[in-house]
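Report on the following structure.
To keep things simple, chains are lettered A, B and C as they appear, and every chain counts its residues starting from 1.
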Amino acid sequence: MFWQIDLAILTLVVVTTVGSLMVKDLLGAAILFGAYSFLMCLLWAIMGAVDVAFTEASVGAGVSSVFFVAAVFRTSRRTKD
Amino acid sequence: MKIIGLIITIMTGGFLVYAAGDFPAWSDPSSPASTYLSPYYIEKAIEETSVPNIVTAVLADYRGFDTMFEATVIFSAGLVCFILLRIMGRKEPETRHYRHVLTGVTVTIKEGRKIPASEEFERIDDLWTPPELIIKTACRVLIPFLQLFGLYVIAHGHYSPGGGFQGGVILGASIILLAISHDLRTATERMREKVVAILCPVGVAIYAGTGALCLLLGANFLDYGALASVLHVDPITARSHGILMVEIGVGIAVMTTMIWIYNNISSAGKYNQGL
Amino acid sequence: MAELIPTIIAKYNYWIYITLMMIGLYAMIAKNNLVKKILGMSIFQTAIILFYVSIGVKKGATIPILEGVHGHGAAHQAVHAADYVNPLPHVLMLTAIVVGVATLGVALALAIRVYNRYNTLEEDEILAQIRKK
């Protein structure tokens, strides 16, 4: 589609990636990872890969974020790094 | 370590940027990736398999061997999670907590004695939180529709985006929603651990069994045209039905693996309390 | 040099994909926390899938689902390959996504085991505890 939408979503993807890796709270990092997955799904839907977008929406933004939150619940939540 | 990481990353990035100069221009119809084999798949998929969704036809029929081993990989990942984390053993905890439903008073019983099951006292865990009526009721209404939608996605994978993987993940997510909104004990009573653990290889076996059935009927492994004699249809429709059967197998395997991994991670193997 | 600038601007997608991959690679190497390393691995995987799917894009083409055809082996009109997006990278990447989430489950199970044993998730503290033994 328009290259403006493409560029805007790609910028947001890079911003969420960097944000997810810099946050000191692991729960916030897991939620930002879910947002990153959802933006990837939008990118693929724009490119015409509808099956891949469907899978990423259900797997990445759904089940994968739940696994991360469950693992953070069982270990510690703060990190110094 | 950070400086070494930075140097490695910049060097690798430099190599990739140098190599990307040779790539074809973006969205070029005559790029080499779209020239040799994919026009055959696009033009012939509907004639040979009568499935309009080209991705499903290629995934389950033309490249069916890959998908069978992918289902095996998913099953083995669930098995590895189970082996790493699960602590078996029927050692019941020493102190139990009960809560009187009408007044909200918590009673702690030590040394292994217990209150027999009755209407007034309910068993709670260490990490008990007060019940949220809105969340519990909303999720209880939503879960049957989620499962119906998951079944629809599996069955309708021929005509719309979808198929075995997506439907299986949605079905698994419905049980995970039950475990999150209520507690893990409710979800384990609905779908027991043994049922989940046995259904996972059954899904892979359905896939391999369909291939073996084609082998027994005289054609190659995973050549669905041979199913025409069993199903009493012409070979092209038999390929469409063969794709549906293997998608069901993949859906069952993916659903049970998601539930299994969630149960093991969120309770760290003990299965007594969850998220 | 002057004809290099239009090619650099025309291929801006590839530079952003490479940036994403390098962010994920840097997180896997340089971060101390184990969960951040696992996040980096997952970011790397999705960035590579993005790169592969972008190979199959065709200008002015539609999604790879034939419409108006009801099956039974007879196509009513000829199907032109230039009208549809290349489906082969989609198929390979479907497998990659689901294998990625299975690998994520195993990695998180390993992190929980490490936490149960050493009571911390920071890599330098774990190495100090191992060296003290």
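Details
One rule holds for everything that comes next: a contact is a pair of C-beta atoms (placed from the backbone, for glycine too) under 8 Å apart; a residue touches a chain by one contact, two chains touch by 3 or more.
All of these numbers come straight from a predicted model, not from anything done at the bench.
Two chain pairs, A-B and B-C, are compared here, and B-C has more C-beta pairs in contact (counted per touch definition above). Closest chain to the protein centre (all Cα atoms averaged), using per-chain Cα means: B.
Separating the centre of chain A from that of chain C, both taken as means of CA atoms, is a distance of 11 Å. Mean C-alpha positions place chain B and chain C at a centre distance of 19 Å. Residues of chain B in contact with at least two other chains: 53, 55, 161, 165, 261, 265, 268. Within chain C, the positions touching two or more other chains are listed as 13, 19, 54, 56-57, 61, 63-65, 89-90, 94, 98, 105, 108, 112.
The set of chain A residues that touch two or more partner chains comprises 50-51, 55, 59, 63, 67, 70-71, 74. Residue ranges on chain C touching chain A, taken from their complex, read 12-13, 16, 19-20, 23-24, 27, 31-33, 35-36, 39-40, 42-43, 46, 49-50, 53-54, 56-57, 61-65, 85, 89-90, 93-94, 97-98, 101, 104-105, 108, 111-112, 115, 120-122.
Note for the complex: chain A touches chain B at residues 50-51, 53-55, 58-59, 62-63, 66-67, 69-71, 73-74. Touching chain C in their complex are the following residues of chain B: 1-2, 4-6, 8-10, 12-13, 16-17, 20-21, 23, 25-29, 31, 33-34, 37-39, 41-43, 45-48, 50-55, 58-59, 63, 66-67, 70, 73-74, 77-78, 80-81, 84-85, 159-161, 165, 234, 236-237, 240, 254, 257, 261, 264-265, 268. By the touch rule above, chain A contacts chain C in their complex via residues 6-7, 10, 13-14, 17-18, 20-21, 26, 29-30, 33, 36-37, 40, 43-44, 47-52, 55-56, 59-60, 63-64, 67-68, 70-72, 74-76, 79-81.
Listing the residues of chain C that touch chain B in their complex gives 7, 10-11, 13-15, 18-19, 21-22, 25-26, 29-30, 54-59, 61, 63-67, 69, 71-75, 78-82, 84, 86-91, 94-95, 98-99, 102-103, 105-106, 108-110, 112-113, 116.
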